[in-house]
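Quick heads-up: structures coming right below.
In the two complexes below, subunit A is the common chain; its partner is subunit B in one and subunit C in the other.
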Partner chain A sequence: MTAARTRRPFPIRRCVGVVIIPLLCWAVMALACRLAGIRLFSGLSTWQLWLRGLTYVLLLSFGVSINMHTGRFDFSAGAVMLFGGVVGAMLAYGRGWGPWAMLVISLVVGAAAGCVTGVLYVLLRLPPMIIGLGMTLLLEGVVAILTDGCKPVGFGTNADYYRFSVNMPAMLVIGGLALLVMTVLFHYTRFGYDYRALQTGQRIAVNAGVDERTNAVICYTVAGAMLGAAGALSICGTNGVTPTINFSTIASMFACFLPLFFSGFIGKYVNKQAAILLGCVGYEFIQIGFGQLSFSIASFTADVYKVIEAVILVAFLIYLNNEGFIQDIVTFRRFRKRTT
Partner chain B sequence: MKRIFILLLAAALCLPLLSCSTGDRTTVRIGVLREDDTSGEAKAWERYLKTVGEELGFSVDFTTTDSSSAEVSAINTYASKGYQAILLFSDDDLIASVTAAAAKKMYVTYPTGQPTDEQYARLKDNPYYLGSVAPSPDTEFRAGYDMAKFFVEGKQQRNFTLFGGAALYGSDMHVRRLAGMLAYLCEDPTTDYDGVKDRESLVVKLSGRGVDPAKFHSGTYRVVGYMDGFSFDDAFTTKLTASLEGGGTCILTVGAGDVVTKIAYGIEKSNARVESFLSGGVDAITADYADCFDLGYAYDCGKYASAMAPGLILTLAALRDHRITNADGSAPRIDMSYWVADNKQLLESMLYYDNPDSGYCYDGAVIDRYAGGTLAELVTLCGADYTEARSIRDAVHEDADASGEGSGT
Partner chain C sequence: MDHNTQARPSAAVGRHTGGDREARRGRAALTRTLTRRLPLAAGLLLAAAYTAAALSRGISLGIGYEVIVANASLTALVATGATFIFTCGSFDLSLGANMLVSALIGGLLGRQAGSIWAVLLGCLGTAVCLSVLNSLLASFFNLPVFIMTIVMMNVYSALATLIITSFGTNSAVVLPSSLTENLNRTWFFLLLMGLFELFCCVLFYLRPLGRKQRFLGGGVTSAYLSGIRPKRLTVGSFALAGIGIGLAAFVMTIQTPTLSASSGSSVGMDMLIALVFGGMNMAGGPRSRMYAALLGALSMSFLDALMNVFVTGSWYLQIVKGILFVTVVFLFSLSSRGKLLER
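Right after this comes the complex of A and B.
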């Protein structure tokens, strides 16, 4: 790594780098909505939905990023979400414990499921993808048994669970706690230090005495906890869920890809967890904007905005992979070098 | 000693084989290919086929497929295991599946859909293709029309949010239902959609495009919002919230009405700008929809568990060498009616009279009776609404009681 790469950017450049993506997402969507004759945020309900979506996708992104950033792509993320959410919903609603209890139960159940995945990964020494796919089928099967053959899980006429998902203080607390836990755990503890050591050079880290197995199990457990909590919010937000099987849960994790790639850029200027938060902020502006535009413009259908989202993702990946080259072109650096 | 040990070992090895031959008492084996194995409708049909199979002495096995090649592969597997017939719920490539089954001399029935005219022309004279049973385009149109009429005349609704499901992808079933809704609204003299009012023009306007609320002109009604697709994400909730806040508090759906209703219920209970809402849909007669009546769902139209009976009747009739065909010997395309519930009690009554515990409406006795009957009788059975279906069941059972016969083969 060169000295130039490790040098911290100037404060102004750093500030711009931190806010540019969320700001750009907001500006583009606000402009698009204005051109369509509507407002991006049309009232309190839009802010509620934005914050709910932000909290959900933040938990999901945290959960997926933990293993993804160490080269373990865990396909069971969606199944853990479903499993945690369904168990939480069944217990909390069945016993009248309420949405906070549901969140805690889902978190614990998700952590337990993640821990099992981690232990299997360590014991069986199979590629993470295989373990993830196996756990996906296993967890989906368990959910099918719990729900008596994938019967819908809901809250009847009890609207407390949906209200919880649009309760702004509650969402702020959950999002804030998740950010705090992730920041402390991955940036201010021995575990976090080991995690980053393993991330950048596994062989050297292991030779230096880092216990990679324990680290992997803890990673899966923490990821499971985040995903379980995300599952609870997801079920509250749709006021119930109809479980599905045959790998159908895998797709639910893809919602966090765009924010995670956004965070890859923002992460150059701020710590990883804050970068993920800012990536999610930008992503949710896009989501709310799509909803508003879709309401106003009939041709802007669900399919169209899925395609646009995919195009943004691909364009951003192209940019990240050719960042130096693109900067050279934009700043005429090569031309200037040649002329001098 | 060694000889005794070898004999015991041989006997132990032979036991599973013996159990295979003695345990398999059923003579007829039917394979089911399906794409959806999780919806309430799919599970109700699975339970129905298994229950009736036990009653009539045939076995059914299910394979979930997601492509034409998977369908053909599953058909070949069923053939290699000696299955005699296929119920084809999945239809990635109907022609390829029927051709594959016919090559193995297996009967194929298409019990949940209708082939296109072109497909039908190619299939109707295939001796192994037994026909199709599903709501016709007319029935789909009527389902949407009747639902809109119910909410306008019965519930005095004027402001609508429409959910078009897969109309955007050109799903004919969803397009027809949507066209039915708009056609009813367009009967009002001040109302038109993009300058047209009649059924066929509406179908053309909606196919692959869905509804544009801006093109709906009326002095009587309002279409406040329209949504489609099946990803119920933040964008969907944002849109539904905007539509409900805009006054579109009567939600008409062409499918997935349970999911839409649950989300709408949450919005209503957490949003001061939405006082109440009503919803209705064309989908299925299931327990989940009965629960939705407590949330605001007021009209359910759909297929029911016993809707599998006509497909079974066609299959069993052919297996008993009494193939039911059109007058010219070709495979029939039979229209199937929906059941309609406009209150929870009625829906619960439908569920009570059509479930494995208290007995299916079209149980083994009904299937047995109609498998030996004519095409005209089968068409009558398929066209029956809930009341007529119960009458059919009662009549069959009265006849059986009178002649002292039980059901079963």
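Right after this comes the complex of A and C.
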């Protein structure tokens, strides 16, 4: 009975499980666009936007997933992203170093901010929620000081940064590198094995000799690097940013929830990092579809599709968290059990 | 004789261990006592420091205290309600966004009906409904609380923007000032805060509800095995928090009858910090205190006012709050620290 439950699904079922969500997202959005009299992908520019969004969401999802999957929910992810992006933009644009330098600076600054969060978490031994909220307040305040009271940070008339964000080969390289680093680090190194041991049994792993503190600091640092890079792409894509305070950066994590929970389903059939990539692919189909619909339907604003996105997310989460119960209802298993 | 000589060292070890344990217990009790009195001492110190600073700079104390009460009332109402949620070991970051949506709906109803009672009912009804929705998603559909709270924060913010763009003018929903000006008084804010605090303290300390909530926050399984229904109690706690949010939305509408997307944007953050400053245990459970919210809100308002005397720019204040937030929680956690890292 147990063996039957734990055996791997048939190859066809696995293939279907892997591609079903991205395919479904594409099909639904293509149909919605067709009904509105437009096309989901109207040309090269749409593909460029799709790839830019995919790379950004992929980096953000990787960054958030590292701590979230070990039960540490880091509220400072949005603040680290903003901090890394703003510092990168100010230095790179101010000194004329260009978008690649901005990306590297943001990545390093993000990693440093993440490392500080991790060290505080380990030294103070407080819940991650408290450390995350404290760091959010601190980083938002620092960004506000750096930008002289939340003044917009941009690139003026220099279009190099925007062109970088829609440069398809550059985005493919960044996304590919991120996927490679995550796969190697979390699946083929001792750090990765320790990470998974701590993920599934913290006490047993620590008693067996796993260095939980070092592992946690590395997790926060890698997450910070991913988030810093995501911040750089976000600022390049929107050609600037207006920093905000009062915990408002927490909301920027919202963008990665749907891909991460899609990956929760896809992850049953494939490696976790690949599942996150596929979740992001599906999510970006939805985003591009919403974007196209907003061009043809005036009332379909960003706020409307934020609400729709939240409804999809909540519905999917309800399914994921009550899968067994829903399957029992759909297959009438409970009814059959009762009658027998 | 031999037996006695052999027994003596072990007895000595036993006495030594017992003494150590006593000393450790004593230290823990002292830490607990100090941390229990620290919030009140800090609040009094901040009030004294502000009074001294205001007097030395020639700032009118009367006006200064009125501003402090007005600012504290919003945070205190939300935080007092939120204490019910935190006591049960739950969590909600969407309270600020919930307050804005409630204020907007209350404002629209009030504008339509031309009555302040319609504003109050609209604010209370919406806040309780949205709060209960959050609890249903977390308790009955088993959604992770951290995810639910961020999702709902986004949804309510988007909803507020939609309401403003659909029913407002110039990116704001404006209420006639004749409707609210009679209530925009310090005595009214004090009265409302006092009555709500009293109502919550009675429920929390004198009725079985508070005891059950503290029990639930201490451990879900033991609470369930003792006959407490966790889901039902959580929904009830969120509904009570909704009353606080609704009252805060009402106060916000009175204070600023022009409601925009940024109205009350700092309340969600201030509520959390106020709870911590007041000495609330963020993990909930038996050490939760209802008065912590009011004490923390007043302390934070005095800190805001004190900082504003010397520094211009809310971002410096935010950094100070961040450092204090982590420091205070760290001090409270000193008496209960485990070997493993917290999750």
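Here is the rule we use: the second predicted complex is superposed on the first by the 319 of 340 C-alpha atoms of A that agree within 3 Å, B and C clash if a C-alpha of one lies under 4 Å from a C-alpha of the other, contacts with A are read in each partner's own complex, and residues count from 1 in each chain.
Here, a contact is a pair of C-beta atoms (placed from the backbone, for glycine too) under 8 Å apart; a residue touches a chain by one contact, two chains touch by 3 or more.
All values reported here derive from a predicted model rather than from experimental measurement.
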{"item": "Room on subunit A for both subunit B and subunit C (clash or fit)", "value": "clash"}
{"item": "Partner chain in contact with A:298 - subunit B first, subunit C second, else both or neither", "value": "first"}
{"item": "Partner chain(s) touched by A:124 [first = subunit B, second = subunit C, both, neither]", "value": "second"}
{"item": "First, second, both or neither for A:183, with subunit B first and subunit C second", "value": "neither"}
{"item": "Partner chain in contact with A:150 - subunit B first, subunit C second, else both or neither", "value": "both"}
{"item": "First, second, both or neither for A:254, with subunit B first and subunit C second", "value": "second"}
{"item": "Which of subunit B and subunit C A:166 touches, first, second, both or neither", "value": "first"}
{"item": "Contacts of A:313 with subunit B and subunit C, given as first, second, both or neither", "value": "second"}
{"item": "First (subunit B), second (subunit C), both or neither touched by A:239", "value": "first"}
{"item": "Touching partner for A:202 - first (subunit B), second (subunit C), both, neither", "value": "second"}
{"item": "Stretch of subunit C penetrating subunit B in the combined three-chain arrangement, among 127-135, 253-261, 271-279 or 325-333", "value": "253-261"}
{"item": "Overlapping contact positions on subunit A, where the subunit C interface meets the subunit B interface", "value": "149-150, 245-246, 248, 301-303, 306"}
{"item": "Touching residues (chain side subunit B, partner subunit A) in the complex", "value": "37-40, 43, 64, 168-169, 209-215, 225-229, 231-239, 241-243, 245, 258-259, 262-263, 265-271, 273, 287-288, 291, 294-295"}
{"item": "Residues of subunit C touching subunit A in the complex", "value": "91, 93, 137, 141-144, 146-147, 150-155, 157-159, 161-162, 165, 265-266, 268-269, 272, 282-283, 313-316, 318-319, 321-323, 325-326, 329-330, 333, 337-343"}
{"item": "Residue ranges of subunit A in contact with subunit B within the complex", "value": "42-43, 45-46, 48-50, 52-53, 149-152, 154, 156-157, 159, 161-163, 165-166, 237-240, 242-246, 248, 255, 284, 287-288, 290-292, 294-295, 298-299, 301-303, 305-306"}
{"item": "Residues on subunit A engaged by subunit C in the complex (per definition of touch)", "value": "70-73, 120-122, 124-131, 133-138, 140-142, 144-145, 149-150, 202-203, 206, 212-213, 216, 245-248, 250-251, 253-254, 257, 301-304, 306-307, 310, 313-314, 317-318, 321-322"}
